Each structure stands twice: as C-alpha cells, then as structure tokens.
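Listed below are the structures to be examined.
Across the two complexes that follow, chain A remains constant while its partner is chain B and subsequently chain C.
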Partner chain A sequence: MFAPFMLHAWLVATMVAIVGGAVGFFVVARRAAFAAHALPLGAFPGAAVASLLGVNELFGLALFSGVGVIAITQLQRGERREVASALWLALALAVGVLLLSLSGAYAQSLYGLLFGEVLGISRAQVLGVALLSALALALLALLARPLLLESLSGDLAAAAFGRARSLEGAFLLIVALSTAMAVPVVGALLVFSLMVGPASGARAYTDRPWRALLLSVLLSLAVVWSALALTYLTDGPVGFFVGALSAVCYVAGRRRSLRAGAGS
Partner chain B sequence: MSILLSAIEFLHNEPVRVALIVGGGAALVCAVVGVATVMQRQSFAGHALADVSSAGGSAAYLLGLNPLLGFLGLAAAAAGVLEWSEIREARERDLLTGVVLGAGLGLAALLLYFAATVRNASGAALTVLFGSMFTIPATIVPLALAVTVVALTVSALVHRPLLVSAVSVDLARAQGIRVRAVSLAHALALALAVALAAMTVGAILSTALLIGPAAAALRVARRPAAAVALAAAIGLGATWGGIILAYESFYWTPGRGWPVSFFIVALVFAAYLTAGVLATHGPRRAAAHPSGCEAH
Partner chain C sequence: MSGTAALSVEGACVALGGRSVLREVTFGLEPGEFCALIGSNGSGKTTLLRAILGFLPLAAGRIRLNGVVGAPGPIGYVPQKIALDPALPLRARDVVTLGLDGARLGLSWPSKARRIEVDRMLRAVGADGFAEQRIGLLSGGQQQRVLVAHALVRRPKLLLLDEPLANLDVRSSAEIVALLRRLSREYGAAVLLSAHDMNPLLSAMDRIVYLANGAAVAGRPEEVVRTEVLSSLYGYHVDVVRVHGRVVVVAAEAGEQIHEAVARDPVHTASVP
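Entry: the complex of A and B
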C-alpha cells in the first residue's frame, strides 16, 4: 500500500483532502454546492485540450476553471444563481466531449478524468498540486473572515469589507483552484462530494466556526485516506469510495443534529 | 431537389427516426417540467436526479436491460429520497441534494468500473453520461412514448396547484390543494423528464435540456403558459436541429461524426443567450425585471 509507486498518490491525496476540507467548510456555509460541482466539471474540457496539446493536464484544468468562474459570475447577472451553474456545466461538458471525440482519446482517459485515477501520478503533477494548494490556502486565509461574515450576514459583511460581488468572484476562484487540482486524482464528478460531505458532517459536532473548519479538514483527510487504501486493496474506482464515505459523513452529522434537536 | 432527396434519405434512416421521436418527446416533457423547475429554483435538484440516474443507466448497461428503465428507476429513487426527507429549508436541501448526487455518481463509477472489467465495455461511460442518440434501439420507442405521455399528463394536472403552492403553501391549503401530493407528483414528473433527457443527451448533459430552454423562455415570456410554449419550441428546435447537424457532420470530418449532444447543448445555449439579448434590448421590455416571471 505504501509502495513507491503509491507515494505520489498519497502525497497528492493528502493535499487535496486538506484543501478540500477547508474550502468545503465555506462551500457549505455559503450554500455553494452547485457551483462547487459545476466548476470542476467545467474544467473538464481543459484536460481534454491539454491532452490534445500534450501539456500538463493541470494547466488546462486551471485555465478552464478560471473561464468557468468568469462564465458563472457573468451568467449570474440578473439570473438565478443555480441556472448559471447548470448552463455553464452543460456547455463545458459538451465542449469537452466534442474535443475528446474529435481527438479520438476515448474511453479510458474519459473514465479517469470523470471518476479519478490514483496510479500514474507524475512528479510534475505533485508539484503542480502543491503549488495550487498553497495558492488556494493562502487566498482562503486572506478572505476567511469576510467570507464567514458574509455567510452569516450579507449586509454586515458589505458594511465591513465592501462589495459582495467581488467577494463572490474571489470565493469561486478559490473553489476553482482547489477543484482543478483534485480532478486528475478524485475525478471531476466527485471532487465536490469531498467538499460537501465532511464539511456538512463537521458542522453538526461544534458550533464554533474555526473548530468546525478544523474538524472538516480532519474528516476530509480520513475520507481520502480510507478511499485510497480501499482503492489499493480492492482495485475499485476511487471516486466510488470518496462519494460513499462523504455520504456517511453527512448522514452521521445529520443524525447527530436531529438527536440534539430532539434532546433540547 | 437534392435537398429534398437528402431529406428523404435522412428520414428513411431508422436510427435517425428513433432519435427524432425519443428526442422530441424528451424536449417536450423537459420544456413543461423545466419551467416549473426553474421557477421553483430546483435546478440543482433536477441536475442531481440526472446525475444519480447515470447509475441506473450504468446498471442497465451492465445487466443488459432497457437503458430507459435504468435511468427511470434511479431518477425516481433519488426524487423519492429528496421528497421523503421533507427538508424544506433551502440550505439543508442544497446539502442533501449534493450528498445524494455524490453518492449516486459514486455508484455510477462503481457500476461503470464493473462494466469495463466484467463485460469489457469501456465505452459505457461515454454512452451513459454523454448520450449516443443514433445507437438508441428502436425497441425503446413505445416505452419512451408512454413515459412522455404520462409525464405530460402528470405535469398538466399539477401545473396550477404547483404554481399556487409555490406562491404560498398556506394559500394552497386554503384552496383545498393537497400540497404534499402535488409536490410528490411534480417530483415524479421531474424524474420522468430527467430519464427521457438522459436517454437523449446523456445523464450529465440532460440538465441542458431540462433547464436551458425553460430558463431561456422565462427570460422573455411574461406568463407561465407562454413560457412553456416557448420552451417547447426551443427544446424541439435544439434537439431536432442537433440531430440534423450531427448527421451532416459525418461529411465534415470524414469517418467520424460529431456528438449529437454537443450540438443540442450548443443550440440550447445559443437560444439562452439570444433570449437574454431580446430581454434586455427588446422593444416590449424597456424597464422590465431582468429575471423573467420570477414574480409569479
């Protein structure tokens, strides 16, 4: 399980889990689950372009995540938020499937991109993920207070920190960065369940935001490490384990808050 | 003359006819259900049902069953979970939707993995998720038509009560509307629409057909009935236009057609952008509200 060829996978998975747990806390607090789902899927054509051009997938993914942020914030103007996410998601996926079908790089790479692939992670990918993780965490640390305040009270945050739209854009950018880097490992379809599951479970165990954030990161690490171990042992798809374990986190948290609600 | 001849040849092609029928039914149902879905801000739920239904499609692929039944079964199951939870608060609903979606996709990953290893069908992921209209078997047509009719009937029956309960649950109760039954019926119609759309453009692209035409229509139409009609026109136009373009594309890049789903989504998106331009610059809506019939 800890053989040299798995080393890169463990490194990348750990970074992905830390960033995913931290960003996920804000995704849950800000009700941005759909955007967190649409952004990695929208980055998917980026990977197709990169594989067409023969460059590192991460560049393509990061580029298209950025395009996704712009597209969603633009489409959101005078429109329902979730419609913007839905339309961008569908358009980007359609372009991605066109590129894949024209390039002839079919089934296996498609499956890996959508559902994750833990083997064959290169050293360049590890470095790229480390860079993007550092960037995402730095941005998150910078914006953590206004983001948290805004999810509690939009007016208060606007009074204290200024315009809400630029904050929303910055937040989506953080989500985009952190999902783009996780796509090659966890897969575009299931990155977001890593953000939603652990964070929603953590919320039920403490009322304090920073403690919940920490707990979300720990749960996320537990989910990813277990998923990786199970993948190694069973040879099954890593995305399945991530999706299932995230759902377990949510159900555990839900049961606890229901019981707390009944007890009080 | 040559255009007429190629049109006849086009319609004589059985896969094309099946695609036109199944796709047309899907576009109609999606238009009707989609308008209600967008107005009630349930786009995410609609997308989640579609994603979960991909697990059903994969299971059907694995077991060699009718794919429409697979899509239908899991979409209905997911709709049941979302309804049964009785969570109404927006944030909690969002989270539950996300978790159901994630678990469903995880299951799809597992089933597709089995399809690739056990049945050696590695193209299953592409077919289930992104659709493959020209390979829909003709045997599916009766079932697809039946689903279309049932979905249209259910949504016609719940259309008005649904609008009333969207405005106010208390008002609906006062009028003797059984709010819970109506919401369940709408969830069923949504599941049927999603399954048909998943058959047409693939599970994860079906959102385009469900949300796109409805959102475009709601940008310009003032009344829900007009929005439904317009959405149906956009959906049918995009679906049939996409089929024609994909058929033609065999001549553009010799030996390899472009995916139908790509054309359909692109046409839907173009319609959405056009509707936006009409809504902001159109003569009738100088000082109009930018978000369509939200106030209804």
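Entry: the complex of A and C
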C-alpha cells in the first residue's frame, strides 16, 4: 500500500484532503455546495483540452475553473448563485461534449477525470497540486474572518468592510483552485462530496467555528486516507470510496443534530 | 450643520426600481445624540439606513459621516431582517468577536484582551446568559441583543439600528433603549434607530426624523411631533394626541383616499387599537 508507485497518490490525496476540508467548511457555511460542484465539473472539459494538447491537465482545469468563477460571479449579478452555477455548468458541459466529439476517442483518460485515478500520478502533478494547495490555503487564511462574518450575514459584513462589496468572487476563486487540483485524483463528479460531507458532519459536533473547521479537515483526511487504502485493497474506484465515506460523515452529523435538537 | 457632525444627510434622494422612495431628506446628528427614525411600513426607513451605509446610491444630495463623503469609518449596523442559520457553528460570543475583528485579514490567536472586551459587551447587553449558545438557535429577542453587541463592540461613532424593537416585548424594549441611550453617551456614538412606534423611545430620543410620503421632517421631538408639522408632511390634516403619556397620530377629516391610506395602517407612530 505504501509502495513507491503509491507515494505520489498519498501525497496528493493528503493535500487534497486538507484543502478540501478547510475550504469545505466555508462552502457549507455559505451554502455554496452547488457552486462547488459546478466549478470542477465545468472545468473538466479544460482537462480534456489539455490532455489533447499534451500539456499538464492542471493547466486546463485551472483555466476552465477561472473562467467558471468569472462566469458565475458575472451571472450572479442578476441571478441567484444556484441559477448562475447551473447556467455555467450547462455551458461548460456543452463545450465539453463538442470537444469530445471533435477529438475522437480517449475514453480512458475521460473516465479518470470523471471518477478519479490514483495510479500514475506524475511528479509534475504532485508539484502542481502542492502549489495550488499552498495558494488556496494562503488565500483562505487571509480571508478567514471576513468570510466567516459574511457567512453570518452579508449585510453585517458589508457594514463592517465599509462598503457593499462581497467576497463572493474571491471565495469562488478559492473553491475553484481547491477543486481543480482535486479533479485528477478524486474525479470531477465527486470532488464536491469531499467539500460537503466532512464539513457538514463536523459542524454537528462543535459550536465553535474554528474547531469545526479543524474537525472538518481531520474528517476529510480520514475519508481520503481510508478511500485510498480501500482502493488499494479492493481495486475499486477511489471516487466511489470518497463519495461514500463523505456521505457517512454527513449522515453521522445529521443524526447527531437531530438527536441534539430533540433532546433539548 | 457643522463639519464635525457624526452624520449629515443633505438633500438625499433615493430611487428604487425607477420609483422615487426618498426625496430631499435632510438632517444631521451630533456625536452622542440619540435619534428616532419614525415612519409607517414602506415609508423608507430601511432605504434611508442603507443609503447611509453606502449600500444604495443617491440619486441626488450627499451623505457625510464625520464630515467626510463616502469614506465611512466603522458604522455599527443592526439590520431589520436577518436570517441566522441554526446549523452554522457560531456562538453568540463568536458573533460579538466578529464585530470586533470580522473585517480583519489574516489569522489571529485567541487574545485575552479581546475576550475581556467581548465579555464586557455581552454583559452590557444582557447576553452573558446565552453567550455560549449557537446564535441561530436563540430567540428573536436574544439574537437582537447579540447583534446590538456585535454592532457596538468596535465603538463606532455612528450606530444604525433598523427596527430593533420589533421582536421585543415591552420590558426588553425599554431595557434595550435604556442601554443604547447609556452606551451612546458613554462612547460618544450617534444612534439612529428606526421604529414604526415612537412611544418606547419618547424618553430616550434627543431628535426625531419623521418619514412620510418619501419626505422627512427632522428636529427635536417637541418641534416635529406637532399637529401642524405632521399635517404638512402628510399633506392632509392629522392630529397629534397625547394620552396617558403616549403619543398617537391620527388622521382626521382627510380626503377619502388619503384617509384610507392611514386607516389601512393606523400604527403611524403609536399603536392605536
């Protein structure tokens, strides 16, 4: 399980888990789960383009994620975030379908992008993920308190910032960075489960925001490490284990809040 | 109006969705003054407060804070409607802490000084009993107290509260008003508090801004809450009646349509059953 060819997988998975758990805390607090789904899935055509051109998939993913952030923030001026995310997703997937039909068959790499692939992660990919992780975490640390205040209330945040400017664009950028880098490992379809499951589970176990964030990171690590081990042992798809274990986190948190609600 | 007024609103006009909501609103507040913003539902109280915060653009006129246009220092704000998510892991204490440092960038370690400050504020608003509970699970009145603490903890020079008494019973209203009155004097903060009923504020207010039909009259309560002044604001005759220490504004001998407008919403400044 810790053979050299798995080393890259463990490294990348660990970084993906830490960033996913931390960013996921804000994704859940801001009710942005759908945007966290639309951004990576809408970015996967970018990876297809990149692999077609023979460049690092991360570039394509990052590029399409960036376009997704701009599209969603612009569309959001007149629409709710859910609608804006859906519009972007539809557009990006349409482009993806077109690219696929033009480029002919590469079903294998497409399968990996959608469902995740832990083997054959290159050194360049590890470095790319490390870079994006550092960037996402730095941005998150910089904006942690304003983002938390804005999750409480946009009006309170705007009054405190001294202007009616929201952090939505910066936040979506963080989500885009952290989901794009996770796509090759976890898969575009299930990345957002890692953002939603551990974070929503964590907040049922503590009333303190920063503890909930920390717990979310720990749960996320547990999910990803277990998923990787199970993948190695069973040869099943890693995306399945990530999705299923994330759902377990969510259900556990849900049960606990329901019980706490009934008990008080 | 002096250049050092905490707030000066000069001929402010606001249009929303192509409709003029506020016309030529003019008034000023000195540091430490307590001002009631009175008007019936839909008269434009929230609009005025949001224009002062810079959330809404002015169609004409200008608004200065501490003598400066468009560069507000910290403004304390308690919005009218705020839906707090019960699933958000945030205690009442955390909400007050965010009032202190929620706009700051970067991370910080827990600090004793900050904790003492937050504790003091929680006690001041009578929220120390539920400081450790999740904000989203508190009652409306409890949340209101915590939000007041959130707004006050940075000691802003201007505090805007949008119908903060709407959720409170009579006793809590009186407590909150007395508290705001005391803290505004202590910190030298000007307070602008909106309400549809002026009665809980009678003893506290230094000034009043009375909104009707998109226009405003402002001044000291005894100058504004008068039959002639309010009649001319409404554009038809209203009587200001004082009974049992309460003030009631009632329409009399108005044209049918105008009368209806008042009758539909009899609670202009006082609850008249």
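Everything that follows uses one rule, which is that the second predicted complex is superposed on the first by the 258 of 264 C-alpha atoms of A that agree within 3 Å, B and C clash if a C-alpha of one lies under 4 Å from a C-alpha of the other, contacts with A are read in each partner's own complex, and residues count from 1 in each chain.
The definition used in the following text is that a residue touches a chain if its C-beta (ideal position, glycine included) is under 8 Å from a C-beta of that chain, and two chains touch if they have at least 3 such contacts.
The shown structure was predicted, so the numbers you read here are calculated from the model rather than taken from an experiment.
When the shared chain is aligned, chain B comes close enough to touch A:Ser193, but chain C does not. Once the two complexes are laid over each other on the shared chain, residue contacts for A:Trp225 go to neither chain B nor chain C.
After overlaying the two complexes on the shared chain, residue contacts for A:Phe59 are found with neither chain B nor chain C.
Contacts of A:Gly239 after superposition: chain B is touched, whereas chain C is not reached. Touch criterion met: A:Leu143 reaches chain C, while chain B stays clear of it. By the touch criterion defined above, A:Val97 lies against chain B but remains apart from chain C after alignment on the C-alpha atoms of chain A.
Touching more residues of chain A than its counterpart among chain B and chain C is B.
Residues 31, 200 of chain A lie at the contact with chain B in one complex and at the contact with chain C in the other. Touching chain A in their complex are the following residues of chain C: 53-55, 72-77, 79, 82, 84-85, 87-91, 94-95, 98-99, 101-108, 132-135, 147, 150. Listed in rising order, the residues of chain A touching chain C in the complex are 29, 31, 141-146, 148-149, 151-153, 155-164, 200, 202-203, 206-209, 211-212, 257. Those residues of chain B lying in contact with chain A across their complex are 38, 41, 43-44, 46-47, 51, 90-91, 94-110, 112-113, 116, 122-123, 125-126, 129-130, 204-205, 207-208, 211-212, 215, 219, 253, 256, 258-259, 261-262, 264-266, 268-269, 272, 290-291, 294. Across the complex, chain A meets chain B through its residues 28, 31, 33-34, 36-37, 41, 77-80, 82-83, 85-87, 89-91, 93-95, 97-98, 101-102, 104, 106-108, 110-111, 114-116, 187, 189-190, 192-193, 196-197, 200, 236-237, 239-244, 246-247, 250-251.
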